[in-house]
Structure formats: structure tokens, C-alpha cells
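For clarity, chains are labelled A, B, C, D, E and F in written order, and residue numbers in each chain start from 1.
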Amino acid sequence: MKLITAIIKPFRLDGVKEALKAVGVEGLTVTEVQGFGRQGGHTETYRGAEYKIDFVPKVKIEAVVSDAVVDQVVDAIVTAARTDKIGDGKVWVTPAELLVRIRTGERNDDAV
Amino acid sequence: MDSGDNAWLLTSAALVLFMTPGLAFFYGGMVRSKNTLNMLMMNFWCLLVVPLLWAIVGYSLAFSGDGDFIGNFDKSFMRNFDMQGNELMFMIFLATFAAITPALISGAVADRMKFSAWAIFVPLWSILVYCPVTFWVYPGWLAERGSVDFAGGTSIHVNAGIGALAVILVLGKRKGWPEKLSPPHSMPLVMLGTGILWLGWFGFNAGSAGAANGRAIQAFVNTALAAAAAGLSWAVTEKFRDGHFTNLGVASGIVAGLVAITPGCGFVTGGSSILIGLIAGVVCALAVGLKSKLGYDDALDVIGVHLVGGLLGSILIGFFADPEAFSKIDEGYEFLGGLFYGGGTELLVEQILANVVTLIFSFAVTFAIAKVLDLTIGLRVSEEVESEGLDIREHAETAYSSLDRSTI
Amino acid sequence: MDSGDNAWLLTSAALVLFMTPGLAFFYGGMVRSKNTLNMLMMNFWCLLVVPLLWAIVGYSLAFSGDGDFIGNFDKSFMRNFDMQGNELMFMIFLATFAAITPALISGAVADRMKFSAWAIFVPLWSILVYCPVTFWVYPGWLAERGSVDFAGGTSIHVNAGIGALAVILVLGKRKGWPEKLSPPHSMPLVMLGTGILWLGWFGFNAGSAGAANGRAIQAFVNTALAAAAAGLSWAVTEKFRDGHFTNLGVASGIVAGLVAITPGCGFVTGGSSILIGLIAGVVCALAVGLKSKLGYDDALDVIGVHLVGGLLGSILIGFFADPEAFSKIDEGYEFLGGLFYGGGTELLVEQILANVVTLIFSFAVTFAIAKVLDLTIGLRVSEEVESEGLDIREHAETAYSSLDRSTI
Amino acid sequence: MDSGDNAWLLTSAALVLFMTPGLAFFYGGMVRSKNTLNMLMMNFWCLLVVPLLWAIVGYSLAFSGDGDFIGNFDKSFMRNFDMQGNELMFMIFLATFAAITPALISGAVADRMKFSAWAIFVPLWSILVYCPVTFWVYPGWLAERGSVDFAGGTSIHVNAGIGALAVILVLGKRKGWPEKLSPPHSMPLVMLGTGILWLGWFGFNAGSAGAANGRAIQAFVNTALAAAAAGLSWAVTEKFRDGHFTNLGVASGIVAGLVAITPGCGFVTGGSSILIGLIAGVVCALAVGLKSKLGYDDALDVIGVHLVGGLLGSILIGFFADPEAFSKIDEGYEFLGGLFYGGGTELLVEQILANVVTLIFSFAVTFAIAKVLDLTIGLRVSEEVESEGLDIREHAETAYSSLDRSTI
Amino acid sequence: MKLITAIIKPFRLDGVKEALKAVGVEGLTVTEVQGFGRQGGHTETYRGAEYKIDFVPKVKIEAVVSDAVVDQVVDAIVTAARTDKIGDGKVWVTPAELLVRIRTGERNDDAV
Amino acid sequence: MKLITAIIKPFRLDGVKEALKAVGVEGLTVTEVQGFGRQGGHTETYRGAEYKIDFVPKVKIEAVVSDAVVDQVVDAIVTAARTDKIGDGKVWVTPAELLVRIRTGERNDDAV
């Protein structure tokens, strides 16, 4: 089992979700996050004072998947999230030793 | 000058001015949070620019002189006012109406219009569209022929509604529309706007009596009942069709009822205003569905609510106007009777004519303004700005900041 | 019809109508975000249904005819109105009171009542409970005996407060109550509601003078002072007991003071209104603690604030009513004096009687309505709907949507 | 007592009372969410404490008696009022002004003042600063010399603005200021406050005419035009300097314009009010930049907006006052003419004198109050409370709770 | 050290927290997330237009625990979060190589 | 590659961000979370009723970094986040098998 984590631009969420469904990922979890990176933030001006806002709204997607499909899933995310502009985000993969479906107690590949 | 009439007009003018922030919240709650401040700003902008323009030249163009088609400059810069006759009050009361009219259009262009273009559009439209139409409908030729418009159905709602259509035809659809829809980012903000609009509308309609008299009371009653009736009938329509009573349905129905009773609230009686409200709620609830069929992206339904509701209310006067009832309330208050009240079709024909004329003129001139702006400074933000959000890019502001509680 | 009186009544009616959205925000901020729209909707529903019902039949039942116990249908459909005597104004002014009264009950039933049941409960309760009690308290037998109620302490706050108790006894407690408590989801929304309620209450109380006269001014002064005094005394009570001055304490105290001064604001003078406010703030601050001891789940403290505050204010008239002071303000304005102002116990006894009668009648009939609704369409949502939230399941809407800024 | 005048004063008083919640939202939206409730509470506190104090003793100290420097106690506890002459109305109308004045100061001390210190500061400041200054400016020696202040430029805005400076000099800067700035946590809340303030300001300014007469109308017109002009000129200033039209700029400009026209709205005509507004918008937009240069931490710009705007407006009366124009509106309404209207420099000198006196007195006494509070109970929260947030630690409340929708 | 991550229904948070306390977990971190899975979302209707809301509010719990107690902790979560209805969520376990308590600099098992 | 996760006090975010920049971390992702731990929560009082709020607002920082810099990064975070008061938070390290930059498809160390 692997946990695949992707940080993407919010407006690509729908596309990535569809792409993941297409490669058979049936469950995932989404978090609204703030990203800091090469893209840089922006400046807001309130009453003439400048506020450097370093963080850019991003969306984090997490999905635990079977080892067999990891590459496919990563590719699907990268393809769907890509806009070729700075700030497109990152995908990373970490090992997961166990996955349990709470409702049934099923484990690992059965729980995906 | 009667102090009681003054008191009511002062109050009414304050309440109508408050309607524009109310509209800002009504619309601002419906858009996504990344475009909320742009929406507020489009509305507040009208409050800054239009009253000044109105005091300087607009009022004079819309109400001064004996012409048929447009006023003159005699009363520009607030000169030559009849100070005994309350004209200053009249001017500022009407300034608040002039301000909210272009603000109505902001709902249609939400999420994609350049703010610089809006900033210029508002004064241009006020002078080139609002002033002449107001002149025709009130002191000018349409009024002289016999059509009526108590508080601004034709000159405000129909006028802004058709103008909205003209602008969005030039502006185009939002990216992703109609496949990708976003729900209102804050329904409590929408409901706050609704409450403020209803409150202010009492000043709008009952203030248009120009005095704290029986006509004002009747207009007030009609405003309350039509809004309630339309809120109810819109909500019930949705309950039957979609299975739920929704807050947005109630809010939309209330506004539709207020729009529909605006032209007639000083010409019809309470029972008719309930009927007008009930009809408006159902018709507008159905009318907002047209845009996806016809393919114009009227983001927050200015056409379905203000154009359709305004037309409906204005034309229904031709059926429900009841001069006899008002003769008991206010002596010497004369207007043509509606079809159901022994007046034949004359009023109905005039109401239709006044609206048709307004539709044609306002559409044509608004379209021209939008086209010129589009060809010069550009009407629409870039795709990038549209997807990043107008608040940050057009105004360098964010509606809600939470992470920043972390600093210090 | 005096234009100044008209101006004040028009303004007052608009402000009182605005109180129902205010109440919606006051309550809506206190519930969790998953039930916020249901709360707003329960309140707005009253604004849609009750004014229509009132114009059609309620006003006539509550104010027309010479009966002792209930009005007749002579003035239904707004017929037979005294158009010279401002009756249309009177009707619509009172319509806004009729609308907010059942809305008060929504705070008690928060988080668990089926909206369909609420939709039917409101008109039934208006006709079967509000109209008769209003008739007794104003033109009818309770008033004739000598009890007084300036702006609706007995007919509105006690009536709605005891009605709330009856409904929640049928409805039952929320899942998890009282172990699991949730803090208000938006205190700024609560404070907005508080501000709007206070604003509107000036129309409520001072408008009930029926004119822009000295009595209206005294009622206005009393409204301001009692609200301030009760907000202060509630806040200080909490500071001593719990260690903090809280916003919710201030908001609750302001409302408790407004409730408590409602029945007496046209019969007592400024010093008394400060005392009434101070007492109400302390008593209601303690009274909201009763529910966990007695085991009824009055979610947002309708009983602790409106029932207790209303009873208190109504009975304190029996001590503080000061006809002499008012004779200097308004000639020919007569009522019994209170115990502290040389009037003996007569007024006190009548005040107690009027409230006891209202308590018994309103409790019994409201309980019956709730029971019938429960046995027929069911009063309560399923456990699943309760835990998922009423907004999504009952209204197919979400109060705040943020993720969806991601689309496009 | 004229019913029309009463109607307008009742309305105005209600609207002015509503301004304090409006100010609470205006300020409350600008601070971070962790300090929002503390800000709301500081404002609501003024609404609880000051009207009571005013009715009991403040009004008498500020308006009763023939002294030059301070009133007497003859009218304390609302005794010895001229009940025919509307004095009760006058008292409560002015109570709402007295309440909002210290509330203005809360914007400067945001994010770091102990609530217990604020709770005591407010009544002390009202009695020791507000009452004497008001006495001098209205019935007392400054007025007798010829200076004017229609609705409270000197006695309210200059007074509160310089008081704010005195308090923050004792209080010190927020941790991290000026390096670490946090954007407003909710701009919609700021814009709501702005809308409410503008609405209420019509009562503030036009209500200060004391009647629903021509002067009230002129004051109303001036209020609308100056606010619009200043909103516009502030926004345009920012557009040129920073590249964007911002909501906060518009909001700040509107308030600056309202402040600046407050003292003169009953002495200047419409054209002058537009000029005053335009100037105020630019000057205040620049003035808010001073604090970072001079190193005082005026969190929400009470000095840049209220002190500077109030001084500006008060002194510009010396140029623009136009008694002749008002003689056509209201017979027997007399005041000195401004420099541009044939009045020479006399009025200008008096205006400057009145403000200088106020600046010195208010600064000195406010500084003393703050110092005493600091040395006794302490003016400032601990660093820990400052970084954790005042809402939780000072009030045991949280503005927005979301996780808790999870319970049940 | 293992990082245990659980996605659960929001209204089970209190119960799961108590269950974790009962098995000796003294620290955890909670995030409000949106889940996508078999449970499906719901439809909202605004002015007659249907909005398919795919995501369901969920709560994510993260706790780093000693290897020895992993099974116990997973079981505690599963038992406390279970309602037997679809959408009950998932638990997964990933290896953690290091845990530091910032306040003291303590590491690994001492830092839990 | 390692994924470094830190739970810190919100008001230390700025400092930690600067410290990370100083040791060469160019990208990171931030989430607003709620922490439960030794620090305990606080009590809120509404209308006299006490509400025990168990959770304390915290900020979660995630950064995927090269193996070589892990210790340095952890140290930087610990130093910058430390206030020596209870509730300072935790840092943990989990292995990451893959990191992809979506924009370019670069992998692992190139993608950091």
C-alpha cells in the first residue's frame, strides 16, 4: 500500500478527481491548504500599507492505493493537474503498512 | 413643506441609500469568496459616483424643463431649486434610486468584468440611459401619453434588466459556465442582503408617494404583501419542482415580489398586490431557468428577476389599477383604470408601449456602451485573473483572511 | 391622519418587519453551521406566511367586533377599513408583530424540527393562539378588566415563550443534550442580530404609541434605558459568577431588557425602566440555567428570555405604572396606577390574571397543535438528518461553501 | 411638539444608536478573528454604560445651567425636564451620540487593551472629557464666542481622535507592530459596518437639525454628497498611488467624508460639501500613513480618520459657511459667514480656537485617565494573552466555531 | 514509531478521542477535510439548478505512536468510529522514523 | 526523500518559514489544524454553561526534502518553533519514495 499525496491548484481539483476515478481510485481525501514555493505569493494593500501574503491557496489530495497502481495514479494526477505554469504543485509517495476500512474492518487491498 | 412629509422622505432616502449595500451583500453572498469583494466594490462604486453625478447634472437632465425627450441643464449643480417646495429633498431622494439602478446590473456581470470598465460604465450608463428613460417615464412623453410607474418598474428594473442582457452579450460567459456551477459562498450574507433590501424597499415604494399620506400607506401595505406572496409562491414552486423549500428561493421570491410591485404599488390595492406577488414568484422562479436554455450567462439572474419581474409588474398595472379606491384615500389623485377595474385597454396599451420603448432604447444604447468599452479598454479580465479570483487581482484584497491570525 | 404620526408609523412598521431577519441572525449565529439555514428559514417563513394571513383574516379575528373572546370576519380581506382613520396603517404595523411572534418559538425548537411541520405550525398557531390572545389583551375582556400591555409583553413574549415550552415537550431533546453542547458558530452574526433587534424594537415599542407624540418619546427612552440596563446587569452577573464579560451575555441581556420593557414602556417612566432592565438582566441570566435542571431542551433560551422576561415586565407594571407622569405628557391617557405609584394592588392583580390566563390557554392549545402535527406528519427529523444537519437534508443548501471556489 | 419633527427625531435617534453596532462591525472586521469579539464588546459596552450614565448625570452636566465651563446637576435623573418642549427626546437623541464617542477610541487600542480597563475607562472619559467639552462647544463659552459644530465634529471626532492618541501613548504598540501586519479578517463585515454607519449618519447629521425642516434636508444632502465624494477621492488616491481601487479604501473614504461633513453639514451648501468630501478623502488617505512614520500604533486609524477628518471639517467651516443660503431655507437661523462667503476670518479663528482648546484639554485629561488606570489595574493584557487572542482569554468566547459542528 | 491517520465522520470525533485517551494516546492532531468515496455526496439546488456536491465533510486524525501500541490504537479507532454505515472512513499506518517534541527536544518514544 | 511534518503554534509560522528558507527549503505546505495534547484546551462560557474546548489551533507544516538535509531541517524547525512553553508541538519524519514536480515532471531531488 502506498499513500499518494498531491498538492495542486484548487481549480484543477475537479479534473484530478475525474482522472483518478478513471484509473480506478474510488476514495480520496481532500484538504484546503496554503502553499509556499517558487510561485511566490502576492501583495495586498490596505490603507496604503503593503501586506506580503506568502501563501497561495492549494488543495491537498490524499489517496491510499495498492502498490500495483502507484505509477498509474501518479501519472494520472500529474497529467490532470498540469497547467505548465509555476505553482502547479507536487506529488509524493510514502509507504503505507496498513489500511483498514472502518465500516467493515477489511484490510489493505480489500479496504481501498 | 410639511414636517411629517419631510420626516418620511428623509427616512425613505436614508433607507433607499442603504439598499445598495444590501444589494452588495445579496449578490456578494452568492458569488464565490474569491470574487466577493469585487462584487461589493461594484455596488459601492455606484454609491460613490452616481449621487455626485446626479447632483451635478443627472437630476437636471432627468427632471428639468419642458422637453419631450430629455431634460435641460437648468438645475445642474443644484441651481434654481425650489427651496420652499422641497426640491432638494426630492433630488437627493431620487439620487439614491439613480445609484441602485446600475448596481442591479452588477449581478449579471459577476466574476469576469474588469473593474476599470465597470468604473466607467456606471457614469456613462447613468447619463446616456438612465437619465433619458427616467425623463420619458416621469415628466416626459411616455407619462404624458398615460403610462404610469409609481416607484420605478420601467425606469429602474426593466431598464437595468435589459441593460444587463446587453452587457453580458458583449462580455460573454464565464469560463466553465454552465457546466461548472458554484454554490453561494455565504447564504447568511445573502439573507442579510434580502432583509436590508426589503427594509429599504419600504422607503423606495412608500417614499415615492412623496408624502406621509394615505397613498404612502397603501404603497407600504402593497410592498409588504407582494413580497411575502412572491417569497411564498417562489418557495412553493421550488418545493413542488425540486422537493425543498430553500433559503435562496425565499430570498429570490421576496426580491421578485418587491420588483413586481414597484411600478404599481401606488395604483393597486392590497388584494391585487397579493395576486401580483403570487404571480411574480412563480413566473420569475421559472424565468431564471431560461438562461441555461438560451445560453446567456446572467450570473445572478438580473434578467429573470428584475427584467421579468419589472415587466410583469408594469403590465399587470394595466389590469389591476384601481383609481376609485385611491380617490377614497387621496383626493385628486388621478390615473387611468386597469382592465379589471373598468378602465378598458388604454392603460394596458400604454404600459406595454412604455416598456417596449424602454427595452429597445436601453438595449441599444447599453450594447453600444459595452461594445465601445470592450474595443477600447477591454470589458473582461484575463482567464488567469478569472480563475485566480478578481478580489486579489483587481483589488489586492482578500474577503476572509484566517491564516494571518497566526502572525504575532 | 396626521402626516407626522404617519411618518413615524411607516418607519416603525418597516423597522419591526426588519426585526424578523434580525431574529434570524441572532438565532442563526447561535446554532451550528450545519443548521444555520434551517434557522434562517424558520424565521423568514414567518415573514412570508403571517402577514398574508393577517391581512386576509388574522387582523379581523384579533381586532374586529365587540365580542369578548374573539373577533369576527368583518374586516377580513382588508374590507370595511376606516380609510380616514389610518386603519390600513394599523393593520400592517400589527402584521409585523404577528410575524415575529411565532418566529420567537424557532429558537426553542432549533436543530431538530421538521421544516414541513414548522411550515404548518406557524399559520395554525397564528390563528388558534395568537389571534385570540391578542383579542383578549387588546380590545377584549382582559383589557376591559384593566390589565395593560403596551407593545406586547403578554400577547407576544409570554405567549410565544409558553408556546415554545409546549412544543419542545412534544418534540423532545436534541440528541446528546445536555452533555454535548456546541458553541455558537458565528458570534458576529449573533451580535448583528442583536443590533438589528434593538434598532427595530424602537419601532416596536415607540411605534405602539400609534403616534409621534410624547408617549412615543417616553416609550423610546424606556426602550433604550431598559436594554442598556439589562445588558449591563446580565454581563455583570456573568462576570461575578463565571469570571468574564461575554458578548453572548451582553446580547442576551439586551434582548431580555427589551422584552421586559415591552409591556410597560408606555406606562412607566425612565427611572423605573432602568430598574426593570436591571432586574430583568439578572433574573433572565439566572433563568436560562433552569432548563438543564428541569430537563427541557429549550435550545436558544426562548423560555429563559422571552417567557421569564415577558412575565417579569408585565407584572412589574403592577408596581411601576405611573399615570400621573403620563398625564403631563399626554392628556387623556388613562390607566391604573401601580403599587409604588399610589394605585394599590388592582393593576397588579389584573396583570397577573392576564398572564396566567395566557399561560394556560397558550400552553394547552400549542401543545394540542404540536401533538396533532406529531401524530400526523411527524414533528421531528430522523436521527440521521439531525446528525448530518438540517440545512443539507431539509433545504438542500449549505450555509458556507468554500471548497467550491476551486471550480473553474 | 410637532409630530413631524418628533417622527424624524425618533427615527434619527434609533439610527444613531444603530451606528455603534455598525462601528463594532466596521472595526471588528478589520481585526484578526482572535480579537474580533473583544472589539465588538468594547463597542457594545459603550451602548450599555453611556446611555445610563447620560440619563442619570451626563446630560445634565453637558447641557444644564448657565455656567461657562460645565453644567450642573439640575437635570440629573431626568428631573426638571421641559416635557412640553421635547427635552426627553433631545436627551435620548444625544445619549446615542455620547455612546458612540468613546466607542470610536476602541479602534486605536485594538488587540491589546485589558477589557477591565476599558470597562472603567469608558464612563470616566464620558464624564471627565466628553461632558465638559460638549458643554463648551454647545451651550458654553466656545459656542458663545461664535464657533459652531453642527453635529459633533469638535466635540465628538476631534475629541475622540485626540483621546485615542493619548490612550495609545500610554498603552504602547502591539507586539510586532509595524513589521507584522495582519489583513482584516472579514472585509464583508467591514463593508456591512460601513453601510450601517452611513445609514445612521443621516440621523446623526440631519437629526441634529432638531426638526424635519429645510436645514435637516440640507444636512442630509451634504451627508450623502460628502461621503460619496470622499469615498471616491480616497479610492482614486489609492488607485494612483498603489494601483488598485480597494474596498477598504472606499469604506475608509466614506467614513472620512462623513466625519468631515459632520461639523459643517448645517452651515454649508451642497457644492461645498462635495469639495469638503473630496479634500477629506485625499487628506485622510495620506494621514493614515503618518502613524508608521511617527511611531504610534493607532491600530485602525482613529487618528488618521476621525482626528484629521474632524479637524479638517471643522476648520473648513471657516471658509465655506454660507449663512445667506440658509436664510432662504430657514428664517432666523444665524451664524457667522466663512471666508469664501464674505464673513472674513472671524469664524475661521473661532473654529481653530475651539479645536485647539479641545485638543489640549482632551489630550491632557485622557492621558491622565489612562495613566492612572495603567498604574492601578493595568491597561494592557499580558504578552501571552495578546498572542493567544483576547476573545478566548478576556471573554471566554470564540468568534467562529466550526469544528464543533462535529459534536452530536 | 508509526504515524496513524484516520478519516472519520465528524460526529464521531469525540468518541474516537476518548477511545484514544483510553489506550494511552496523549496527543493527536485533527484536520477538517472533505472526503470522496463510495458514500457519494449530495445534491444542492439553487434557483432550480442542481449542484452535485461530491465531497462529504470528514475529520482527519493523526497520531504518532510507538510501534508497540499500533494495533491497539488502530483497533480503538475502528471500534469508536464505526457506525456500520457507508462512509465510516479509513485508517492507515505509515512508518515514522523520528518524532521530536519541540519544547524539550526529546525524541521518539520519549516524545510521544 | 523524507517528508517532514511539523505541528507548531500558529504565531511561530512566520519564524519557522524564515528558518526553513535559511536552510534552503524552497517549498512547503501549510494546513490549519487543531491539536490535542498535554497543553489542554480551554473553557468557554455561553449563557452560564461551560463548554470544554479540547482543541487548540495549531499549524501543520509539511515539506518533502532530500535525505541529506533532514537533520538540518528538523533542527531548524525545532529551534524556530520553540517557545519553551507547553504545546510547542511535534516534528516527525516519514520516508518518501518519490516526489514529482507537476509542472515539469521532474522527480525526487530535482523536484524539491
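Everything below uses one rule, namely that a contact is a pair of C-beta atoms (placed from the backbone, for glycine too) under 8 Å apart; a residue touches a chain by one contact, two chains touch by 3 or more.
Everything quoted here is computed from the prediction, not taken from an experiment.
Steps from chain D to chain F, minimised over paths through touching chains, total 1. Residue contact pairs shared with D-F exceed half only for one pair among A-D, C-F or C-E, and that pair is C-E. By count of C-beta pairs in contact, C-F exceeds the other of the chain pairs C-E and C-F.
We define each chain's centre as the mean of its Cα atoms; on that basis chain B and chain C are separated by 33 Å. Chain B and chain E have CA centres that are 50 Å apart. If you average the Cα atoms of chain A and of chain F, the two centres end up 18 Å apart.
Among the residues of chain B, those touching two or more other chains are numbered 2-5, 7-8, 11, 15, 180-184, 186, 192, 196, 212, 242-244, 246, 248, 387, 396-398, 402-403, 405, 407-408. Among the residues of chain F, those touching two or more other chains are numbered 11, 14, 30-32, 34, 44-46, 53, 55, 94-95. For chain E in complex with chain A, the touching residues are 2, 5-8, 31-38, 54-55, 58, 60, 74, 77-78, 81-95. The part of chain B that touches chain D in the complex is made up of residues 1-8, 10-11, 13-15, 17-18, 21-22, 24-25, 28, 36-37, 40-41, 44-45, 47-49, 51-52, 55, 77-78, 83, 86, 88-89, 91-92, 95-96, 115, 119, 186, 189, 192, 196, 212, 394-402, 404-405, 407-408. Taken in their complex, chain F has these residues touching chain D: 11, 14, 34, 42-46, 53, 55.
Remark: chain D residues 2-5, 7-8, 11, 15, 32-34, 174-176, 180-188, 191-192, 194-195, 198-199, 202-203, 206, 211-214, 216-218, 220-221, 224-225, 228-229, 231-232, 235, 242-248, 250-251, 253-254, 269-271, 274, 328-329, 386-387, 389 touch chain B in the complex. The residues of chain A lying in touch with chain E in their complex are 1, 3, 17, 26-31, 64, 94-103, 105, 111.
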